[in-house]
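Shared chain: chain A. Partners: chain B in the first complex, chain C in the second.
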Partner chain A sequence: MKTTSLSLCLAALAALTINAAPLLYDFGAPGTPVRKNFTPLDAQSKMWSDAKKLFTGKNKIVLQSGLNKHSGKSVPPIYYNELTCDHIGSKGGAVLTFSVPDGSYNVWILTGRAGGNRSQVWDIKVYSGPRSASMTYAGPAEIHALELKAAARNGKLRLYISTRSKWIINAIAIVPEKEYAKVKKEILDPEMAELATLPPEIMKKWKKIPFKSDIPAPRWSEKQKKQGFAIFSRNWTEPVWPEQFPRKSEIDHPVRAFTTIGESEPLTFSIYPLKNFNKVTLQVKPFVNEKGNVIGTEQITPRYVKYSWVRPNYNMYGFYYRAPEVLMPWSDRTLKAQEPLRIWLAIDTTPHTVPGIYRSQALLDLDGQKATVPLTLRVLPFRLLKNPNVTFAQYYHHPYRNAAQAPDDFSRQWWERRAEYEHAHMRDSGHEGITGSVWFTRNRSGKLVLSFDAMQKQIDLMRKYGMGHFPIPCGLGTGSLYAYYMKGAIMGSHITRVKMPPKKFFEDFTAIIQMIENEARRRNWPELLYYPVDEPASQKNSVDFMVAILKAIKKVPGVRTYVTADPATPAYAPMKPYVDVWCCQPFSIPKAQAESDMKKRPGLEYWSYPNHNSGENDHTLSIGTRMTYGFGLWQSGFKVLIPWIYSSCGYDQWNNLDSTSADFGVRTAPDGRPIPTPLWEAYREGIDDGKYLFTLETYIKRAVERGFKKEAAAAQADLELIKKNIFIQPKYRDKNLWAADTFDAYRWLLAENIMKLAELLK
Partner chain B sequence: MNGKLSTALFAAAFLSHTVFAAERIETLHLDAIAVPRRWSPAESSVTLAPFKFSSRPVLKWTAPIDHFSGEKKYPVGWPRMYMNNFSRTKPAIPSDWSKWDFFEFDVNMCLEGDPDNKNCIVTFMIASTHPRSNTSLRKMHDGELHSIKIPVSQITAPGKITSFGFSIAESNYKHGGKLTVHAGNFRLTRSSHCTVDKATMLTPAITAAAPSIKLHLHTTGPANDVARGVPFQLVYGKTNSVVREETLPVLRGSREVEIAIDELQLEPGNYTLNLFPSDRARKKSLSLKVLSSPYKVKK
Partner chain C sequence: MRHTLLLMLLTTALFVSGAFAGTVRLQSLKGKITLDGKLDEKIWQRKADVEHFYLFGPAPDGFKPVGTKAIFYIDHHFIYAGVRCEEPFMQKLKLTGKKLDDAVWKDDGIELFFIPTPAKSSYVQIVFNANGVVFDLFQKEPGVTQSDLSWNSNAICKTYKGKNFWSLEAAIPLENLPVEAPTGDWKFHMARNRAWKGEQYSFVKGISSFHDVSKFFTLSGVKLPHLKLTIPQYDLGEGKYGINRARVVLKNWSKNKVAALISTQGQKHTAYIAPLNSRVVHLDWEQPFDKPLISRELVISEGGKVLRRLALNKKLPEIIPDEKRTVFFIENNKAIQLPIHLNLAKLSQRDARLLWEIKDLKGSKMVSGVTTPNDGQALLRIFWSFMTPGNYKLRLTLVCKGKAVAKVQRDFRLVNSPFQGI
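This part shows the complex of A and B:
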């Protein structure tokens, strides 16, 4: 805010003058820029009362990117504008009083992008009379707008602000209710649109990739034209794009799915609006079967698919497009003409759900127009079995690291609670493990510092959520020890700059691994897979270093090593004798070779990180992700899928364009709960496909053992048919795959066989 | 013959009871690609081979595998060669390929010092606008002659071809080896008839409740003939009866095609979808399995 005596007078005048016009305040420090249309307001204003130690924060508006010396990559700054570059905040309560004519108002409050500590969790609740609006968010970059209805009495409108940790406000708009729609459209929404992308000066350099669709405009019925919308249903693995028509066959297509006992299944349908709607509400009725059994609403999670501006690749800068990306918890929606809205219901059956055909209805209200969407869910009479020889895990940024650095109790507890929610989410989605790390370094006096207790806390949490058996790829402080022995030198991205350290480095490394291993056994930890370097480059100096460090690890009896590299690359051949677990892109080795190699050398395993399915690049490859996790993995010979990463968010988790790498993976709700993506659901459904396959394979074995050879052979023939029809590929994306419905048809073929054999084996 | 259109006549192997005109393959030879001076090699060299493929000139591209002589940014090594801006030099190579079906050439390779390499991949790049169209020539270092056929429909912007390139990543090869690639008989081809070059059933299994079946077709031939469509019939295996017979509207190139079947109420069982059912030369058959509906419980 730029302070002049004139602006101070104007601010004071604005505070004291009765004014029915919208009041727009830009909060912050004196002397900093003020946004057009806004009036400055600082912590000294008389509008504040009962305020507990207000503070003012400010950040520089910088548009130039910096340089990451380690990776050599350009790093954009957190982009601030006049509204966000400064703020007023407090650790306690405060009251703001606006002098305005009596009447009803809409209040818009901008909060966030404070900069500073990544582990700070911000929390704000604003009351006006009985109404309130609140938000909780983490880190330096997120930005949110709160909206609140308020009333002015006796010429005053008061806002009571409270927090459980720390709050900040960047800006406030007090707008008479009748004018709010106009002010929102003309001023506030454009502000938010800018904050959700990049500053205009940067944005104009980016290129929008146009969307192409080969689906022609349907011929709308008179009813659809009259009501202004159509309902359509598309298989959940196919994205519904923001600029795409429904296919003729999808309009009014039944919304139905089948599931088993104790499974989660998506049911989705979409609204195609032919005009704008201000408010769309949704109510989903309980599912009831032919015998009156009920799947209650507590087992139904309604969500909608949020469109985001995304990049074609997580590290590609300068290109963007709009894609369906996150499954947001349902809230009333507005609809823009010609932009479809996909509604995504997750239906959970329990171990006690009675089989049968359940029916329900989704009741929609679009600006007063009612629509009923019939829903059908068949619950099959069996439970799926999990193949114990394959495992699903995740690379993971552990929230405990943030908890350890949290500046206050609320923040620390929020991160800890988030870790619990995320572990439960992974477990419920069929995941059995995460990566971990034991960091170590020698300080200047040569004393060794190891992070055993931090790892212990992580393992305790893993065990609590049933992940205690997974061998943990354990990151190590290799770079830190290297710097100690190499006079502060860095190894460079993918150890491209590494030079061979002295013999003592490797002797020390062996000793440290022995210490970690001793401690791991003493604490009864799961097996640690020693993971000294991530994705080493294939150049000679990198490979030579890898061979030496792997040898150093293998000097400790009984330990296994973990390397993220493609074993098919000849340059890595010297490392082969010392690598126990290869983790690479899928599925770089043919099934027969993978199985034969693992058979020949006990302890050798092939794992894969299918990052092309995690959202690292395209956020919409649900069909390829389902294939990778289910039928694809079945025919791969690989043992573990462990994509990078459960959640990757750079600056603002709701702004895909703002940091070096685009955001992808699971997002976080204000209470710390995970918000999944369609790709996450594709992991889960792919895992379920694998369970259908394994369940049938198990029933076939049992049938053979019980003498039902003919029936077992018939079921086996169907398995062979599926196998024959898979278009085997190293990477499953969205091309050269079965159509979406065929996944469900094959799942049904498996289910029919399972039910037939189960009946025989009763 | 450079730049001149020649025509090869292929008689259909069989003629069914319906009389069809014989299919002709039109060919535009692009010998101008096989001119070494037009290529810019790095970490490798290019010459004219002393022999020809089908009487057409052949490039010889040689890449010694040296893991220590790469550039700073790619230290292991990235042998490559490109041909850019070819439309400005003579003899010209057309930049608009959109009316052709395939870009084809023949290649043979040998890899000295690393004959068992399982990761021998040579990338052939055709650039128009972003992104480039890459074709991986995998494990072709057996000394045999391989025919490469790239559908023009798979090239990003076939109306504006600007450059070609060959490259390898040396990390895929053993240090000290040598890769030699012979490539020639570069040409554009197209069929005189609408032909389904490749057909894939994307719905090899469906439930009886499914509204449609989906295919992926790669259709070649002149636009006028393609516009007539592809006749097809769906045959129920149990009775060998035709349950649907009509013409499928298609477009040139690779497309996903949907056939609505919701009104057919197909019985569960095995079906065959025949494309060009009456023309043995062009006929293609695909299998389809129809399952019972999960939403109708047998009582």
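This part shows the complex of A and C:
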């Protein structure tokens, strides 16, 4: 293929040869590669009808990496194969008719990996009779398979395709219902497995890192053997790996937690299957307390932990392993023998939740076998208080940038709605700020161009979600202005190539900062922290440039600067007088020094980006992340945690191996809602640990003020006990930390003291 | 389908012959080298094995690349490297490393990476600065395990500084490289650090880091027919207090029985390995309880010649580490299972007992017991039914072969569980 005549012949043949064999079509342009087992189908086929301006897209199959001239590093291409290298699509509806014998069929539709515009949001809905399947996804690389049941009548099976923006189809399989399981297993699932990783030619050069477990196989009970599964419960901070047995002590361990009014708390348990299961369903009953008060199912979010192929380091190629990574919204699951499935319930209490002991049940159905998992949630009679002196924020790729470049209304609104969901998610998880930027450049005629309105829109959204008071680390167009004054030169990665620009560059920079500051005050923006360069190198030319540009910024009265560098590095000493906010890896300077420095110089602050906790390299350091965000931050003296980054996705957000950097952080559902990770939940729980600490500190102060000195002293002694028992470290990962349940023991000690003092203070 | 096949063939061919694949052929040494860094022997006068280096990172304005050329040889004992680095600004060389394993990768110098076990991807990194100071490490699993900085190549390096270049001659002993077979291609990478200028070069175009083993070149021409014995696996043991068990796998590639001598600080063991066979050898060694520094060397020799020196150097934590857990729950007469982790080697666990005793703050004994360690921990099962919330002291004594080897006392707090009575 692919010529129109041949396609006509095949279509005619398909119409004449009525049989129940599976039909596998590879959509695309004539003359492009066709996948083995598949028959080509192009836009001229008579199988199309009522189609509005079908288009055909194609991409080259390239396996060799290119070169990023800026970084000098290799950049893999988006990998296409014969199925994904071309597609047929439209901005409107279309009907596809297949000539097949009457009967029931399963339809499998491959859609995605279109290449092109990163801001395009693809949307497809396929109907057959009353049934439909749909998918919405963004960008050039994501790929999805839709499945749909369909019926053929009078020798025809029709698929009605619609869209709210643009749809594309790469391939379709029409399979008689009875044969579908076999075809799926032998053809379709292997296709999807390849698309979810790398082309076989590349993959065979990668090495799988074997998983090593120190947990021996349990002795399964007769009941477990008979039903073919066991239920176990592990502290949520400890990952459940795909090739790991449960510990004996975890099997049938109670699933329970305590929480406060207006808090979110995870309850997790896992299924260890001793055999394959085709369908696992889950139903979680409402929680009911001893007085009949209810925490309804609308306050319960069921998820499961998705295993992903990941890399050991975000920019490392050639090695991979499988790790628990994303908290997917619950849907019916299939289970593979010996691969545990972790179920993760987020239970939200509201300000109106009545304290008490709440009980519920998770009802599981595994291919008809029922199992009931009792759940217990104790809601404590107080609300947590937030320490106003510490803030949690995120580096952030703003969806508004995509919205501004979106090719159609649906795409634009999808990005805007996604931004709203993400802001709400950050707010609900205790975050109060994000990064921003005012980009500027001088065009060829020397005219200054600034992006005030784009920033205004972002600030409006921040304010809507309670982030309006956070001082915004504000990226600037330093590189662009440097190029203007230095005849197109680049500063290089981490300004390693920077040369000292002429005096006029710095004068202009000061004038521009003054202009931004005037506009910021006119528009009543939050404070902007001027952030001229990210992670400057410590070599002399870089530091000299930094000193000069920071001086230029500080010439504007009242403004503060923001530098991402380690203040403990001696080479940065010349910058110190001009840096107001240092943001560095945690926690590079001791608490006493941080507090002393900040006390001596008003305006000076120490912030930290704990990137080792964000999933940049290891997606499973939940325990260290909880420590960093809670007890660790408490004993650090740092004021803000602002990791890189809320969401980092290279090509396909569901394929960790396919781009320059591995994916990490929050992912996005078809409707634009965020899909969190265990590490994100560890942020949230660590923040809650900090709230328990601050709440008790506040109650102690109040108790002292009210004369309950003895009781306050007892509570203070417990705080000191915890403080004494923290393994203070710069970076908390997964070693040399408290055991998982020790966190909860100390949190409970705090809660007990809070309740005692609250009773006194009534 | 025809188109498909053709395109597949084309793309495969592109990949295989692409910029990221390549081979460096190692030549056998014929003649002698005087290690003085001068590259004045005739053998260094041929066309270089490696001479196309790419800047790692973006090129600055007016970037002027400097030349680097390298020639390699191998004989029965060493890999030899001769490297000439053009440097128009010799007076600016940055040279801070003074002794073995100083951070000379920050200096002007070169870096060599070898994977002598292509099936495994374990690699060694050997860095020489322009003064000939060496830094070396062994990386067992890239990106997964910590680098073993205690590994030493025992490489010898001499350098020479000319008017507008510097050069080095290095001999890297094969005996310390983790070689696994007498034949078969290795993997290789070479980089140059021009530190004073902030420039780094690699001969692999587009490599994402110097440690990106997926982009290493093939190193062919490795033939070690004299190599009778290799050590495909080794492990010096847990590296804990007490009796540790080293495990060494020896592979005999020859057609004769081979006797290997394995020795460690006064202990010797001779192992006989059948022709073309492998043998696992265990050797027990003891780390005294009063010595928190391990400095253990295992030497494997054959026919009076050292094949490999394996080292384990580390500082040990306390025998009974403080896990900072001080709060425990009382819950419905259930036993608290309190795991006490011990830095005690497994072989010593069978001779050990952990004696424990709980007292209240007035010194009254509440409960005591004896627990046998297993799998690196002693599990205390404490029944709280007779105890009340409050502060207590836990005294732990580790006894090994009848002698108390560690004693600690921990404060702890007992509180009602959030689920007590539920």
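Criterion: the second predicted complex is superposed on the first by the 749 of 762 C-alpha atoms of A that agree within 3 Å, B and C clash if a C-alpha of one lies under 4 Å from a C-alpha of the other, contacts with A are read in each partner's own complex, and residues count from 1 in each chain.
Everything that follows uses one rule, which is that a residue touches a chain if its C-beta (ideal position, glycine included) is under 8 Å from a C-beta of that chain, and two chains touch if they have at least 3 such contacts.
Everything quoted here is computed from the prediction, not taken from an experiment.
Novice: In the superposed model on chain A, is it clash or fit for chain B and chain C?
Specialist: These partners clash in the superposed model.
Novice: Once the shared chain is lined up, is A:222 touching chain B (first), chain C (second), both, or neither of them?
Specialist: neither
Novice: With the two complexes superposed on chain A, say which partner A:313 touches: chain B (first), chain C (second), both, or neither.
Specialist: second
Novice: Quick check on the superposed pair: does A:568 touch chain B, chain C, both, or neither? Answer first, second, both or neither.
Specialist: first
Novice: Which chain, chain B or chain C, is in touch with more residues of chain A?
Specialist: Comparing chain B with chain C, the partner touching more chain A residues is C.
Novice: After lining up the shared chain so the two structures overlap, which partner does A:298 touch, if you call chain B first and chain C second: first, second, both or neither?
Specialist: neither
Novice: Regarding the shared-chain residue A:453, is it in contact with chain B (first), chain C (second), both, or neither?
Specialist: neither
Novice: Between chain B (first) and chain C (second), which does A:256 come into contact with in this model arrangement: first, second, both, or neither?
Specialist: In the superposed model, A:256 contacts both chain B and chain C.
Novice: Kindly classify A:538 by the partners it touches after superposition: chain B alone (first), chain C alone (second), both, or neither?
Specialist: First partner only, chain B.
Novice: Would you sort A:739 into first (chain B), second (chain C), both or neither based on which partner it touches?
Specialist: A:739 sits against chain B and chain C alike.
Novice: Just chain B (first), just chain C (second), both, or neither: which does A:74 touch?
Specialist: second
Novice: Following superposition on the C-alpha atoms of chain A, which segment of chain C from the set 43-51, 79-87, 97-105 or 205-213 overlaps chain B?
Specialist: 97-105
Novice: State which residues of chain A lie in both footprints, the one left by chain B and the one left by chain C.
Specialist: 214, 249, 254, 256, 258, 357, 376, 378, 496, 537, 539, 721, 725, 727, 738-739, 742, 745-746, 748-749, 751-752
Novice: Which chain A residues qualify as touching chain C in the complex?
Specialist: My answer: residues 31-36, 61-67, 69-75, 82, 201-202, 205-207, 209, 214, 249, 254, 256, 258, 311-313, 315-319, 357, 376, 378, 486, 489-490, 492-493, 496-497, 499, 537, 539, 541, 660, 718, 721, 725-727, 738-739, 742, 745-746, 748-749, 751-752.
Novice: Can you check the complex and tell me which residues of chain A touch chain B?
Specialist: Counting only chain A, the residues touching chain B are 214, 247-249, 253-254, 256, 258, 357, 376, 378, 496, 537-540, 568-571, 721-722, 725, 727, 736-739, 741-742, 744-746, 748-749, 751-752.
Novice: Give every residue of chain B touching chain A within the complex, in rising order.
Specialist: 67-68, 70, 75-76, 114, 117-119, 171-175, 200, 202-207, 209-212, 214, 216, 255-256, 258, 260, 262, 289, 291-292, 294-295, 297
Novice: Help me check something: in the complex, which residues belonging to chain C touch chain A?
Specialist: 1, 3-4, 7-8, 11-12, 14-15, 18-20, 54-61, 121, 141-144, 198, 205-209, 212-215, 323-329, 337, 339, 375, 411, 413, 415-419, 422
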